[in-house]
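Please see the structure below; I have some questions.
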């Protein structure tokens, strides 16, 4: 068993091809686990590692992923596969060229991305999106942990703008072949029509593959928060501020601003709140900033959903808040740590 | 009236952002967005100059050039007004606000050759704005520019801590990527306000 | 002292010379291009009107066709172009999603029926809102009626004679466009009714 | 005159510096606004480039001829007046003979005035150099600007419209990348071009 | 009387590990030789007062320097001084006296030279005498800033002490057990020890903080404490590193120890439960600091438990019989988080030693280990399902990765600073005023951030490095506070 491991190791180092050694290293670490020992104090370490950290996010995504497969059939898996292959290519290429380890964060990006796409999305668009997202959303900044914007969302944003027709006009309700252009949010936008809450909870509506099955998202999301992999602050304040703002807004501008429960259940709000704003890399450092982040994101979501030409308020607000996160942190740190008194 | 002024102001910041939609004022944007201090310094200077030149250029164009039929040379007039305004602001600041002068005086000369100042004045003429709208639009555009550069500067400061940017991408390259992503994100406001 | 005087005189002299030089070259250039530019404007307007009225022409026959078919009149403050058959071409302009939309609308004011329309200038996103200026899109307006005004329907759903298909993915531009047409037409119609 | 000889001349230096080494857009990051704004179609890029070359060469000619006459204190304003005048000429020319391009470029033609490259070269080069060198410098910088604009525009036009100079170059099934016709597309394309050119030049920023 | 006070920030509760020491105490055998370092605990290195070849008795003072801030050291056995040379103790070079034990020597009060003037009827002794006994016994070196006496055992004077804080927390993984250190039979000795300290430090109030896990102990003690004692007893969560004075003092007294200083500088003497017992033994029984109860814990020991050992015994000799096998285990002194791995088995136990840990050097954690339920895994996160005792070993349990900003390190940091941000400044060598403003010098080097980091980044090492580089660049590590003048024992 360990001789196989050695063989693997020898092969990896012998092959002149860098990309292979990066892949071998990744596979070796994946199967055999960590072998490094603590070098000095502390002599012991927490058993949580990044592989498990990211796996938890994937586990949390499972309910809604399974639901998507049930709703729209095996093509969903094909979309996920394309996302992993195309994005993985970029990840591996960069790891090899820049001589860095392949980082596991991509496994989450590669799954989240397809889940926020319409079920009818052409496969080539999936590839363009994930490649763009991983490349411009992550690798140019130096890879996992160093990016500013949520890579999956950068990819989604790019293809939303680049291919408006494919991305916003061909929706499909579960178990049907009929193409419709009406998601619950656009129904409200055009005619203040409220989709029944039961349908929203169980996912019997048109929408992105991973965003419709609210129950599964909530279950997975709470799991993520309870494990501490996702920090609870942003989701709680994000959903909370959407709720409160739409409660107030709905009173004054009912033809534009939908009622609170609808806002929370329709579209990708819950998905974004549990799986996207929890991305530790692209959220702010400070607990105080996280709260501000959540509240602002809620505000922007409502503004964009209600007043702009788009219904994708969640996507835009999260990217916008990713951009604002460093600034928020800057001010919070300034407030938290008083400037030194000159002596 | 007030509502439409507010719309122009919001549009100038969000949907018709001078940096993110019209790609103007990019040279100082690239070189000064590396730190928050320079970004905000230049930002304040831009607000001053852009608003002031609009205040001056609108009457010159509409009350002097148009009646005398000399619209032809408005480029020349505008650019001279801008240069003079920058000089004036510099002098006034030195005289009355030496503290401000220290803080962002060095940014002022850079503004003379900043295309966004001229562009704002040109937009006023092309769009045939009223005087009040012009001022609001100019001020909003400048604020929109500050908003964009300050966001990018804060991101750059964070990247100094966490980034591991490929060599060829450092500096302007990564700023373009950040600004591009920001521009994509600002498209989300499409339709919120119209110019 | 003498030196500075000298300097200033030299400077002034220099500026005057440069100024004169440039002014005269600009005036020359302007004098040379002005008729061409004016002509461009006229061509733009005339071809817009003819296009809207669906009167065929070539660049050589433009002027001749225009004067043969169209007569320029003032109604209220507006300039409109009336044909012998009673159709009228109304220039319109208003703000689209990204910038102004300018064009000519040809209608039969008696029946409120559209004869045709053109867009001369627009700044919508190419490939998205920009599609409002394509013949394919403008074609559907012909024979629709302002009764009492045009109504926008989701793409493929326009059936009634006052219903217009939106452009999917650019609903906002189509909305703005239809709104401009409705407003401009009702303003014209008011004047028209006052006059008659 | 052998080529080797030419390589050692100052003219060669001037040209190479303009075309590649001190490339105005990539290494000095100047004059980018218009590069981004008008590079969504190749024809616009070429028209803009031609305009810039014309203005640069004309100003360079005038400045280097007058360089000993121009009083230092009104130097900048003189340059500005010159540049602005030439830009007006370009503007009128486009309006008269290429009205469509003129509309497409809109206010960006006027912005040639503040194109940092022109003022920069005027101040840095033409005001100290002879006529021949100044013209060479202006030409090479202008060409560098134009080929950059054109390369950005080629990518953007093909992806964004499926055409090149208006001719369809993509298969029938091609879906246009609308984003390429818009501002954000410009940023990403320029970023990639900068990356490639800087890596190729082995240039370390700062 | 007892009060539960939880910290508002940071720390981590280590609990339920395999290899926890049983709550019993065994006496160790007589070592063949002992190595007595000349600096043990607080204070400077003292001068040897014996020469090579001299015979010493157990309990005899063999090193002393009344001129410097220090406390005497003692021979722990009777025998001949064979050498005085430099040795390595926990990574620190210092002089030590080596004594070859007499054949037939046995530990007993008879064979020990007891301190002159001690009395089981200690209440009759005056405070001068108590202070002298504390100093001469060497117990004064056991507090982190020394126990002030009329000798130079601490930078401050006895009168300057405002409070005494006795800590009984089991905050380390595999901590020594309070039940073993403080059996029911010694409750009254313990409280007497505190009363003695109060006599020596007349201005001081006394406070005991006991781990919330020891409810029984808290109840029993509260019954023994009389109202006239004026001893405050409180329960404190046994999170790591709440037993560190930098954390415990703010928790109990609501005022912080300025960075770069010690609790004594604000008039607080912090001692452990065992130290109080040593105070009692010195004053009532005249026993100097020659032995110590330590935990020998971890899976590497056949029978993890507590052992009473003479000061100076070598770790090799002490562990020889008790280890399951030396090679596969790492032996760590005092703390698994901050302690030193024992390289040479020659290293001696000193009078401030608390524990020896032997934990497996585990190079293979099992195939697909990151996917398992983790029934025996410890983690700050809640991503495992530990249903039994948790394993403890030296494996990193992960590969080094980029920082994800998960903020775990900041959440556990007991100093309330933000290692998640600060360590990046150090990596990028951005040393400036900003780091001072963000309080890098508040870091107490508890290593907890390195422990919890899922990316296995040596965060605490980076913090240390950062402080060092900042000091090199001329930024002062010492907090400038308004109370600077009021700090005690500071020139």
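Observations on the structure shown:
A, B, C, D and E are the chain letters, set down in written order, and residue numbers restart from 1 in every chain.
As a convention for this text, contacts are C-beta pairs under 8 Å (C-beta built on N, C-alpha and C of every residue); 3 or more make two chains touch, one makes a residue touch a chain.
All figures in this text were calculated on a predicted structure; none of them were measured in a lab.
The set of chains in contact with chain D as well as chain E comprises A, B.
Chain pairs A-B and B-E differ in how many C-beta pairs they share in contact, with the greater number at A-B. Chain centres here are means of the Cα atoms, and by that rule the chain farthest away from chain C is E. Annotation: 41 Å between the Cα-based centres of chain A and chain D.
Averaging Cα coordinates per chain places chain C and chain D 32 Å apart. Averaged C-alpha coordinates put the centre of chain B at 22 Å from the centre of chain D.
Residue positions of chain B touching 2 or more other chains, listed in rising order: 72-73, 76, 162, 164, 166, 169, 173-174, 177, 180-181, 184, 187, 190-191.
For chain E, the set of residues that touch two or more other chains comprises 402-403, 405, 421. Multi-chain contact residues, meaning those touching two or more other chains, occur in chain A at positions 136, 140, 142-143, 145-146, 158, 161, 164-165, 309. Per the touch definition, chain B reaches chain C in the complex via residues 16, 72-73, 76, 127, 190-191, 194-195. Chain A meets chain C in the complex at residues 164-165, 168-169, 181, 190, 309.
Contact residues of chain C toward chain D in the complex are 7, 10-11, 14-15, 18-19, 22, 25-26, 29-30, 33, 36-37, 40, 44, 121, 125-128.
Listed in rising order, the residues of chain C touching chain A in the complex are 97, 128, 154, 168-172. Here chain B touches chain A in the complex through residues 36, 150-151, 154-155, 157-159, 162-166, 169, 173-174, 177-178, 180-182, 184-192, going by the rule given at the top.
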